[in-house]
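Chain naming follows the written order as A, B, C, D and E, and within any one chain the residues start at number 1.
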Amino acid sequence: MKKIGAVVGVSLLAAIGVASLGSAQNATLKIGAITTLTGRLAEFGRQQKAGFTVAINELNAKAGSKGQQFELLLEDSASDVNKGLAAAEKLVNGNVGVILNEYSSSIVKAQAQYLSRQKVPNIIVSASDESITKPGFDYVYRINPPTDEYAKVLFQIFTDTGIKSMAILAGNGAFEKSVQASALEQAKLKNVEVVGNQVYDKGLTDFRPILNGFKARNPDAVFLVGYQEDSVAVMRQAKEVGLNPKLFAGGAAGFALPEFITGSGSASEYVVTATAWVPELKTPGNKNLYIKLVNALGGSEPTYHAAQGYAAVLVAADAIKRAGSATDREAINKALLSTDLQTSYAKIKFENFEGYKNQNRVSMVAEQVQKIGGRLQFVPIYPRSLFDAKLLFPTPAWDKR
Amino acid sequence: MLFEANQINVQFGGVKAVHNVSLTLQRGEILGLIGPNGAGKTTLFNALTGFVAKTGQVQLEGRDITNLPPFELPRLGVARTFQVERPFEDLTVLENVTISSFLRQTNAKAARNAALTTLERVGLLDRANQKCSELNLARRRRLEIAKALALEPRVLFLDEVIAGLNPPAQAEMIEFIRGLAKSGIGIVMVEHIMKVIMSLSDRVICMAFGEKIAEGTPQQIAQDPAVLDAYLGGIDD
Amino acid sequence: MTNQLPLLEVRDLDIAYGDVQVVFAMNMVVGQQELVGLVGGNGSGKSTILRAVSGMLKPKRGSILLQGQEISGISPHQLTDLGVAHVPMGRQLFPAMSVEENLEMGAYLKRSKANKKQNLEKVYAFFPRLLEKRKLFAGSLSGGEQQMIAIGRALMSEPTILLMDEPSLGLAPKVVQEVMQVIHSLRTLHLTVLLVEQNVRQVLKITDRAYVLEHGKLVIEGQSQGLLENDAVKRAYLGL
Amino acid sequence: MSEHTSQTRGMTTVPPLVLLAIVVVTIGLYPLIFGQFMNLGISILLFAGFALAWDILGGWAGQNSLGNAVFVGIGAYSVAILHQFGIAPWWGMLVGIGVSGLLAWGWGALTFRLRGSYFTLSTIAVAEIIRLIALNEDWLTSGSEGKNLGSLPSLFGLDLFDRRVEFYLVLLFVAALLAFGHWLKTAKLGFYLRAVREDEDSAMALGINPARAKLTAFVLMGMFTSIGGGLWLLYLGRIDPDTALVIPVSIQIALLAIIGGRGTIYGPLVGAFIIGIPSEIFRSVLKEANLLVYGVLIVLVIVYLPKGIVGTFEEWLYKRQHPLEKRGS
Amino acid sequence: MEFFSQGLQGLIDGLLTGGVYAMIGAGMSLIFGVMRVVNFGHGDFVILGMYAAFASNQYLKLDPYVSLLVVLPLAFVFGFVLHRAILAKLLGANDQTTKLATLGLGLIATNLVLLQFGTEPKTVYTEYATNAWRIPLFGLELRISEVRFYAVIITALLIFGLNMMLYRTELGRAIRATAQNRLGAELQGVDTKKIYAIVYGIGVVLAAAAGVLLLPLLSATPTLGSVFTNKSFVVTILGGLGSLPGAIGGGLILGVVESLGSSLFPLMNSHFGANYRDAYGLIIFLIVLLFRPEGLFGRTVKRV
């Protein structure tokens, strides 16, 4: 039985090998990418994939039919760490010079470690866990900002509005806890009293006990970090229990998604959230990018993950061009170190600071859900220098709306 | 005295399933246990072998074994079969018996050899590698006995190992049990084929409604009016 | 006696469990409104025959006729529909249901649903003790009372024949007599009953006719009265 | 009584050691042929190891655990936590084995009084509680961020981050479990476990203490699984609760063994390959339907091949070797 | 004072949550009580219910509560057919096998949902979902969520209806009879295989109903199945496997324990709080499992 199993296994493996390597001899410049197209995190993969596609098309259109064409080798990690590693290996074996690395911190970290050991440069697109660029792996670069930035932009608002106390609620995922830690640090720095601090486990989300606890302490601001399903539930329940702070602040993730508004309806109004990118940003070509991303997503609203995916491809292509090779990993690595590229997402430059290594600095945007023309939508408000719209403050009590 | 039970009582809920039953057993003796359905014979077996909670006292060669859990008894030399034979269906005949012989052998090879010897003794050697689920009833009965014998018991409780067999198989089994007793094992057996129990037993105990109603040689029992009543049904009072 | 078609007839019945044959060439007839006993010692095959008649197992050979119609191989719940009621060994009551509900379960099938009320009254009239305790859980009643429920439940299905499997099993001697009296009085309801029992004295006292089995074979049959004096019966029981 | 005594026939013609050697060497060739798919190979083999360990209790003793992720996690975290203090992974693994063994012992001593599904339910509950502890006790586990391995000392001059080294370490782990399976097949413990699995009352009548037999199997399962957990950490380079301690990991471990065939020595290994390789193909071909196929396969196996793949094969082999002789005494 | 007010509010919230837990547990308990099968896929049927309500909202524009009228009959047919087609084949197999089969069915159910709807959480927005009644009490203001109150009322009605069915109808009597003594029921002419399929169908209905009722409150995600399954284990073990009133008690206890644990621990400046929310129920579950496996309210009824 065993032997039959082995024979079957061997032939199947051979089949995968042939299938995946069959196209390796073309003249296109290859960029590897891993994201979650299936499984529990597939939604983020969909966004990133749209960004990738838009960027590749843009690059190839610019090069024209005579110029060298780029090709994206996209692998699915299926939301599973072992499968992600198998995918990374497949790309490494496919002689790819640079790999774009996806969203979920726990999957990304294992891949980043593996890829640095294989000496393959990899660009992290959206994973926000601080520890990815903190341990200082070589060959690891990150486009998206560290979580400090999420907290910083919101605390700027706190300072401007004179908020003195806050309560914070975060999920126990790596990203949420990272933002939570940054927020607590900022609170200390800015002298904001923390009157409540709770972590919840993912799953059946009944936030009422926590929100009631917050309500009793009457904080000026409530700082929330969570994914989409949680962001919706927490705002609905905040309304239900009658929690009335002067400001609800969301630390990106679920609060920055369009589904946050559709899901929580009127409960989402006045909520301020940090985000890494908005279409209103006056970066070059941003309006155009937005339109292309909407098209690539089949009409649905793009999130910052899509814009980050877009930028990552451009950064990789830029490094390949400057390295003069799509396969020479050392040359590409060197080129990435000296990246200085303005994209529609943001300006990209990998720096070492505050213990981070090869980390891009992006200042975050804050947006507020406001009713415009009877429709609730995200309105970017911070940094004030970039946008015209004003923060609506303080948030009216639920029964006064 | 090889084995002795005093004043055994078993209670299920409010029902007295066994009431004040005592028995003794000598080396090499066959003690027959009879009684109509529901008289409590099997319950008594279960009580004596530790499977059912009881009050009273049980002694093996003077040692008190009343409160030992069932899995301690085989090591001391008390083995039993089950009324509905319960081999480990998915295992082969040899494997079934090997499990038992591990009680006395620590080494796998020795256990296997001991099991083979036991199988030869009960005439199942040629079926050693067959799965139990494929054995016919007579062979399953023999396997059940082989499993108990491989424990090298001094006291053996046999629960209806003959009923259901065809006459030649019955005769074989009777001879075999006699041989066991001759080798010095004390045997307590429940059986409802009277002919068998009467010809095989040295002594017979008759139970009815959970109580011992008669005890004696097969001849005495056969003539005891209480036994007749128990079987034919109570007389009016 | 059998001036008309017998209600139940068993012809040349062989039954085996796997490779073990337990009933050999059994022949038996139960006439209308007869109370017939089927007796024998432990393992004589009497309950096995009853199980074959009630559809719980399939005979190896032979036929079972209900009013001339072959019924072997029909499933128990279909047989119930044909008017065969079974008072099973161990009673098989629903312990956490009330006495009344247990009785009502007997009228589960359509054929007996219509007259459920009247039948319930009849059963209560027959067993006044059950009427007293109709609200109690069946599991809380005594063994004898539980046997009455089992019988009452069978009556609820308006049976053409009642099969009873060892109703005395596990009951104290006094209660056995009481149950036997109940069975005896069933004849006032003009029922046909096949009673399987090991308690031969009691059975022979209350039945019209009886069949005595030993080791799966018919030893003797005949009018119950006087059968007890027959040595064959004693032999069948004590094997002496 | 004995009518004829013929020679007893062996069930398989291949001696166990030879079979084991063939299997291990065949798998050992993998890196030479599929050097490009080391990650795939390691993860399949590692989960085969988890499933083989699960089988000690699940297959041989018939007690299904749906919480084995706990032992995976303990193994991985022991190595990772001690690594921070400069303690080498092999010592960390030893500690993991010890902790897992203790946990299994205490837990089993409490729960094996219960029969049937209650044990399985308790495994799920304990696994969930441990997951919550790992998530929330940051001082010990770094919470959801997880623990990273930095550099590792070399083991006899081998680089523990080298995929080939890792592969052969995992193979060693699997080989040890297979050898243990072969031993179990003939040893007292193995016989006792099977007896308990089939019928606890009968087993007691043969002098077997079921609670003790099950407890032994449980402790062994925990210890073996935690070795695998340590190896998984080396391979991943990091560990966090979402990776190691979640219910799907526990379920996957159990299902690989069940699909391959419980209590058959090689079943879990076959199960891991039969599920692992197609799922790698499905990953790129079937996309979203990937997990669905997995579920359907499970139901099909349970309904139509309740003994699993190897179990069904063995049954077929047995029937071929033992044509049904005319029965009757 | 804070302790008291938080505790009281927590108690109310816990009871409201517990009502829905009770319904999930009731289905599980019914299936076990009649068929002696632990339904490891139970939580996945809750997910199916959520998505069914989501789909009827999306395509038929039905309010989630109205969609109960569509979803519940479908759920019954689904469960009935599932039992007839697959689980009935396993009657008589050991309970390990059946248990694993239900686990596999759950996996299929969730993955079908995943295939159809993707993984992003699906939400149905209803304006009433966030309304709450305010009840002044000794200067405190307690809040009772309207929609959750209705959910509990519907739960109560369904369980009451189920109870009426079990205790007042022929079918119910046949179900109870089958549960207590399958052979005995068979002898009265009950087709017990069909009863099993019906009971499985009802179990799925209860799970799906819980899913529908939760949709206005939570987002539907395909991966939540095991969370619900775990809740139903806890509920049924607390209440005693197979006991319907026990499931109600178990559900309420679980809801209250989780709610009070999450709200009262933080007041003591404890490290515990909502972060260990699931653990509170599980620890009680383990204690009951070890020391009172028949459940908190369990009385073992003697079999005749």
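By our rule, a contact is a pair of C-beta atoms (placed from the backbone, for glycine too) under 8 Å apart; a residue touches a chain by one contact, two chains touch by 3 or more.
Just so it is clear, the structure is predicted and the values come from calculations on it, not from any experiment.
Between subunit B and subunit D, the least number of touch steps comes to 1.
Contact with both subunit C and subunit E is made by no chain of the assembly. Ranked by distance of CA centroids from subunit C, the top chain is A. Interface comparison, B-C versus A-E: the higher count of C-beta contacts falls to A-E. Averaged C-alpha coordinates give centres for subunit A and subunit D that are 37 Å from one another. Mean C-alpha position of subunit B lies 49 Å from that of subunit E. Per-chain Cα centroids separate subunit D from subunit E by 33 Å. Subunit B has residues 136 in contact with two or more other chains.
In subunit A, 39, 42, 172, 199, 201 are the positions where the chain touches two or more neighbouring chains simultaneously.
Within subunit E, contacts with two or more other chains are made by residues 118, 275-276, 278, 302. Going by the touch rule set out above, the chain pairs that meet are A-D, A-E, B-C, B-D, C-E, D-E.
Taken together, the subunit C residues at the contact with subunit B in this complex read 18-20, 22, 41-43, 166, 168-170, 172-173, 176-177, 197-203, 215, 228, 233-234, 237-240. Taken together, the subunit E residues at the contact with subunit D in this complex read 38, 86, 89-90, 93, 95-97, 99-101, 103-105, 107-108, 110-112, 114-115, 118, 226, 230, 233-234, 237, 271, 275-276, 278-279, 282-283, 285-286, 289-290, 293. Interface of subunit A with subunit E (complex): residues 39-43, 46, 79, 172, 196, 198-201, 203-210, 212-213, 216, 227-229, 232-233, 236-237, 239-242, 259, 262-267. Here subunit B touches subunit D in the complex through residues 49-51, 69-75, 79-80, 82, 86-92, 94-95, 98-100, 102-103, 106, 108, 111-112, 116, 120-126, 128-131, 134-136, 138-139, 142, 147-148, 151, 165-166, 168-169, 172, 175-176, going by the rule given at the top. Here subunit D touches subunit B in the complex through residues 1-6, 8-11, 186-188, 191-192, 194-195, 198-199, 201-210, 318, 322, 324, 327-329, going by the rule given at the top.
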